[in-house]
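Two complexes, one shared chain (chain A), two partners (chain B, chain C).
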Partner chain A sequence: MSSITRRRFLKTGLTTAALLAAAPVLDMRTWAASQEQARVEVVPTLCNGCSSHCGMLAHVKNGRLWKITGHPDHGRSQGKLCARAHGAAFWLYDPDRLAGPLKREGDHFVPIDWEQALDEIAAKLEAVLAAHGPGAVFFAHNPRATGAFYGTRFMHALGAPTTMTHNASCNTSLILAYQAVFGTTPGADLANSKYIMLIGRNPAEGIQTGYSAALARAIEKGAKLVVVDPRHNASAAIATEWVPIRPGTDLALLLAMMNVMIAENLYDAGFVAEHTVGFEELAAAVREYSPAWAAPITDIPATTIARLARELAAARPNCVVDPGWKGGFGANYANGTETARAVGAINALLGNLNKPGGLTFYGAPKLGKLPADKAPDPPKPTLPRGDGAGIAGEFPLAPTAQGLPHVAARKAREGKLRAGIVRHHNPVRNFPDPEHMMAGMRALDLLVVIDTHMTETARLAHYVLPEPSFLEREEVVEAIPGRKGTVCMRTRVVPKLLENTRTFDEIIVALARRMGVGEYFNFTLDELNSARLQPLGITLEELKARGSIQVETPVVEGMPKLKTPSGKVEFVSERFAKAGFNAVPGWIPPRVMPEPARPNSFRLIHGKQGYHSHTSTANIPYLLQITRDHNAERLWMNAGRAAALGIKDGDLVWVRSSLASRQVRVKVTERLHPEAVYIPSGYGNFSPGLTRANGFGLSMNDLVPFQTEPMSGHAMMMEVVVEVEPAGA
Partner chain B sequence: MRKASQAAERLYLLANLLYEPDLATCQAAVTEFGLAVAPEEILRAYWQTFVNPVGPRLRPVESLFKPWTTFADCQLPLARQKGWLGGDSAAHLRSLYAALGLEVPPGLAHTPDHLALELTLLGLLLEHGTPEMRATFRSQHLDWLPDLQARAAELDVPAVYQQVLELCARAVAPEE
Partner chain C sequence: MLMPEAAILQDTSLCIECQACRVACQLQNQLPPDVSYARFQFRESGVFPEVSHHVARLTCQHCADAACVAICPTGAVYKGEEGLTHFDPARCSGCGYCAEVCPFAVPTVKADQAVRCAGCPALTADGQPPACVQTCLAGALSYGPRAQQLLRAEQRVAALRRRWPNANVYSPGGVGGTHLIWVLRDSPEAYGLPADPITPAGIRVLKDVVQPAGLLSVAAAAAISALTFVVARRNARRVLTEHADKEG
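Moving on, here comes the complex of A and B:
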């Protein structure tokens, strides 16, 4: 036996006597009996299964998570959690988690210690700032309070103007459009509605627990639910009527319904006269868009269009055309923004603003700020943004609070953006054209990814910095709008399992100090949270103990105060006109159309499933098993079209676009418009670090080219025509 | 006594091969176990088997090979599943180390039931414990090695580490 001294992993001065004393604990049965007796503590926090951050109660025993339930005092969860929340709890104990900081060396990663990683990142950021200026640096994230506060503040401290979110692949259209029409993005009071039209929105699968529950309540109370969607989705399954529209033509339907309401004097003339500007222009614009005009475009009979308009108007003001999210028009078509403007306009014609069952304009509890004398805000950067958002000649109307990560990838390829920090956000997988997105990330001099897992974006980073899971970290206080608002925060419910992880605020403060801007971060997270709570008269201790607290928010009964230039609903937008677009909504066709002459030509559309959050949850086996059990990753195809192509249920097919060819199995169904094929959006992970999701299913993003909608700059994720053909066995 | 401490030394050496081995450890292992590879090759194989952060890797952690908990009142969906960190075995060993005043290296703190630690503990029990203690520990915490070996074969990890796992399995076999 070699005499070499080896490391002893269990440092010890262990003696036989000590061992004998501890002998009972050595036996797992004795230990288990002692554990059994412990009390279960209930610790409030926020879910992270999706961005809704519902209130969650973590039941903890002996420092281990034991069960989760919904927090009754959170405006979104209202005591309920969805399946994804129960899946997200798996993340805490996931062996795929990143256990320590990593540094790229050539084509692989090596572990690095925190201090060295932060020193090197700071030095490289300094080098980029010195060589290219702060205009070449960006921060991108899934926008919630912690990232928005620390990430944006850090960018401002560096003078960097470009902070981006995932929204350009989600709902940028709505944000821009409703800003123009209402000055803000409204919600909808589904629970009290008598008539609900969902256009592409699908609360039964695109779940926000409270919203889904409100839809169910409305139906129980006898509301009529009309689902306008090329696909008979899960909301259509509980609807009064499914209107299978041709994908990309929602705008034509809306214009024609407005035509009917105006021509037949069905709109709320009093509301329009008092609270809107531009009605004459709108009326003139929609005159040409009759139901007969819209019928061949939308594939909906003119009589149906006219009937829907009349029914909606008959139910006013306790009715709503849902303001939508991504589905239908959020970031999907060339006419997305225009469609959202038309949704805004039709609701105004119905006079439903702040009426029971109509659009809602709730505020959120007003949070405080750190005292300016002790913790002054860094000045707002004055340089032009690096992603083209808000820039004349590029995307002057694109909302700058969201930005354009897919355009940023192009700018990186052009050498204009040189360094980026990405947190809890996976643009490489979740924006179209992965080759384009990867080329952008690879072109950077420095990419730092802060996440819990080795995502497709993290794989390309120069440094990967691991955060604790959402159940092991405390975050910035959030305020949720609602008739009753909610103030809430994420708390640490169990001790950190992975010691060598650091929270986002810790990482940013450490970088800021190294880069000479520590003066903007001279406070603790507790001090920040206390300052945010101060105007509400709630102490931090109280919020930590309760997790979510409902607070009265000033509810304006009747007409809300609108932040449009005129203070009224604006059917006509000077800003749009100035930027060279329609002043009032008018018809814009989709950018591409399937070729009627080609029997295998389809538009590829996509949507959410109730048990996955985009591609972030496919690695959770509990949720992935649901997919497997139901073959739910398959491509939907209309039964008639499938028969014509000789494709049977379960057949493997090739799906080809101008960008790529992929194989997938088919679900043959009557529940889809014949011109579309549909794929659920939660699959297609290709990072080997996601050991269970890697290689499972197909992502639409593999097939959709990099493109931009002219108004808001979004990624036009359903503007893609594919050819489908049998792939053999 | 001498035999026990020799057996313990072999366990410590195997433990060293399973967590951040250095060249001297690999050299010692080549000599001790007659491994037919260069020590440098073992280092490379270690990285490929256990470290590679972007690929599937072998995690020699007991929790991953056993249902997460046997406590009936746990209502997490993962409660009865295998494949998750921080299971009963980890919780038990964490308590045990605390009771014995044993200090775990920071890199292994989240996996108190890592095979390197379990081999070390068995070594300590050989040096300081009783046959009953070792029998209890073996039956409760070292019964998962066949599953680990099967997983290693499935992942097709380098042969030298399949061999090391076989040596581990033999080293933890019940005393005659």
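Moving on, here comes the complex of A and C:
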């Protein structure tokens, strides 16, 4: 199906209904078919089951959302959707939704009307600005087009420099590292790869629909898939080979593989000579990192390390060491950024940039802007950020497009940040050490949370402002990169169910007008979206009807243009050296290690399941029931270690860290490195406003202390040692 | 309109156990969260680090010679032109006979209703794949003419044999072949599937001879003998498989 329109779908549905109505009544299929005979309208929109915002088609029957199917013209969904997308349909009818604005009074909330709430928020923001300046105000969100446009614009209009996202608990390491090596974060062409090495990446469970689909395509086409992970995860289950590694030591494996490739002259010398700088320094640095050196660190035999290096090199350039996401090196270890730099370097040694099956550097469709004469941009704030990102003496290298919400909590506790607006983002639950995060939020003079549900963060707000669900609101046009790019937007699938809710853009514009910066918001959402679409020759009407449209993006054949200082791949980084770090990647050990002498000492690691997104979906009954049916919230423990501790499958245990003690049941398995225990990351909600998820399962964040990786400032969420012991029945 | 014989191909070597099919099915069939027509069986084997993990998405096998269709007293379970077994919950009395005779032990009964794949009749009648197939992002499920699907399964198994010497196509003849064809990386038992399921002969008598003749007493006798046979087999199988079923 090359293109679809809302009208065409509606027509098809009605024709089918007519045909079925004419069929013989005695046909046994009639009952089920009659379900289809109701008027079904198919409305295109974008999913909210995770941050990928896949294109989806909402099937609305008799005015009620019935089911969801994948949008064929969206680069990420390609006609398919994961469980979260189907489950997210429930959001619309969730009785837990916030129905109107709330104001804190003491330790409880009372309803307030919109005009009064906005007046009070504006006045309190003004007071903070007057007393502490715009450096004391922040905005934090899950970064997608609507929040990025309206939220950041509002901050800029106020002169406030601090906009933050969730990424410091996700993938800031690799954003920083690839910025240094490539000038941008690459993707990977898994579908055409002959040899894929996933290091701490798990597309089978950390799903971005199209990416996970591409991995399956590669396997079907006969690619060798090697999964390096302490856990035999769902990707390992369909892989050619699982290489269990001691958690936190991926960097040693990468350094040793580069050592072999260089010592044995297996790398792409032509590519290196033409397109890279700093090879001599890299070669000198990795000389000491032989497979024999890495073997005791990684717990992988030296012969295996050398074999993997040779296999990869033999498959070049149609091979890839996956650029990763969170697992191995996104926001989890003290050596996360260094590991990501090594991943960048090894791919450059393989010469796979823009080669089939290698790293990709796709652009996104270029969107337009509002005309500068009619809607001028506010000036970019010049004050230093309030979260330490990009600040000398704090986190000079930390990416400022993402920021550091966990550091911001400390700044709030220190009285340096005084007011914040948080939208569709739950830092209290999703960053380590909830007591620290809560103390930060409580210390603020003003916290406004804009969300659909009473999250753990919302509970601490002075004002909670409810948005309509993603199925009832239009949003800002998005552009998705890819070999073919996608331009897409959320549309209104059904009329607003809860009348007393307002969209984020409505809230921001109303606040801006009250605060005397309305001049930066003198346009409608439709006008903004039309301006964004203008260069693409697509009308807003057309995009609203089709939801997602694929557009040609300029495809660079051969070497991509890199935005590094030299314009080449940089094995050596002046910026890192200047900030006091290694100029070329070198070994950095994990910050903490379990104690080998203690039978109950483990590293606590975590990861996603394909049917949950962090802690935003456990409240969806269809998704929570999957967990319940499979006891999937349990803590994994290696069978040998469990036997030594007298722990049996299903036993309740205590898990203790320096921070807290928690109880959870154990899944005893052979599919885990003996030195780790693993917990799925989607549970442990503690807000009573999330009636189904509240109190279900355990979050690793309860046990991980507040800490920061020196380079990118991320939260080092797997740098935690726990002791596990039986808790009785 | 005459439809070609169709089949679902279920390739376990590609399944990422993401559960998208489960929830898509629940929405398609308007089921509550705790009723699922798809059930997942996970089997782990080996000792660290030499381990394997097999995933069986257990749902209707769409037997060509379907015992459930034969025994269903209300016509709630029936065959579609395309060969899939369909289920009409509105006609289901909750008697549970289909659950008892199923050689794969797939259907269950909950709140006086069978819990079993509906075969998405409205979709297949329209030439569309069932909801589970439509959403399968890993391409582990596909839908198409049965002959082609069998060929594809054979090709896939041939490719898998290098890594998995026991890989096989599973579409047992004892039930007349199935319209859900598996690509398995290992023996059926490694997935918790019966090695040699059969549709009991008594059920065929019931369907082909007894029901048309309206001989109710004989029907009852045939049904009872069939049921006794199947229940005995199931109990035996349970004993065999329960200790291997670690994760359920």
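Basically, the second predicted complex is superposed on the first by the 691 of 729 C-alpha atoms of A that agree within 3 Å, B and C clash if a C-alpha of one lies under 4 Å from a C-alpha of the other, contacts with A are read in each partner's own complex, and residues count from 1 in each chain.
To be clear about the criterion, contacts are C-beta pairs under 8 Å (C-beta built on N, C-alpha and C of every residue); 3 or more make two chains touch, one makes a residue touch a chain.
As the structure is a prediction and not an experimental result, all values here were calculated from the model.
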**Q.** Partner chain(s) touched by A:497 [first = chain B, second = chain C, both, neither]
**A.** first
(Q) With both complexes superposed on chain A, which partner does A:109 reach: first (chain B), second (chain C), both or neither? (A) first
Q: Tell me which partner A:66 touches in the superposition: chain B (first), chain C (second), both or neither.
A: both
(Q) A:86 in the overlay: touching chain B, chain C, both, or neither? Say first, second, both or neither. (A) both
(Q) With both complexes superposed on chain A, which partner does A:610 reach: first (chain B), second (chain C), both or neither? (A) second
Q: Have a look at where A:688 lands relative to chain B and chain C in the superposition and call it first, second, both or neither.
A: first
Q: Name the residues of chain A shared by its contacts with chain B and its contacts with chain C.
A: 16, 20, 28, 31-32, 35-36, 66-68, 86-87, 89, 621-622
Q. Which part of chain A faces chain B closely enough to touch in the complex?
A. 1-2, 4, 6-16, 18-20, 22-23, 25-28, 31-32, 35-36, 40, 59, 61-68, 86-87, 89-90, 92-95, 98-100, 102, 108-109, 111, 454, 459, 464, 497-500, 621-622, 687-689, 691
(Q) Give the list of chain C residues in touch with chain A in this complex. (A) 13-20, 22-24, 26-28, 30, 33-34, 36, 40, 42, 44, 46-49, 51-55, 75, 78, 80, 86, 88, 90-91, 118, 120-122, 125-126, 131, 134-140, 156, 159, 163, 246-248
Q.
With touch defined as at the start, can you tell me which chain B residues reach chain A in the complex?
A. 6, 9-10, 12-13, 15-16, 19, 24-25, 28, 31-32, 51-56, 59, 61, 63-64, 68-71, 73-78, 81, 83-89, 91-92, 95-97, 99-110, 116-117, 120-121, 124-125, 128-130, 133, 136-137, 140-141
**Q.** Interface residues, chain A side, partner chain C - complex
**A.** 16, 20, 28-29, 31-33, 35-36, 66-70, 79-83, 85-87, 89, 203-205, 207, 209, 212-213, 215-217, 219-220, 222, 232, 234-238, 240, 242, 244, 610-611, 621-626, 629-630, 638-640, 649, 667, 669-674
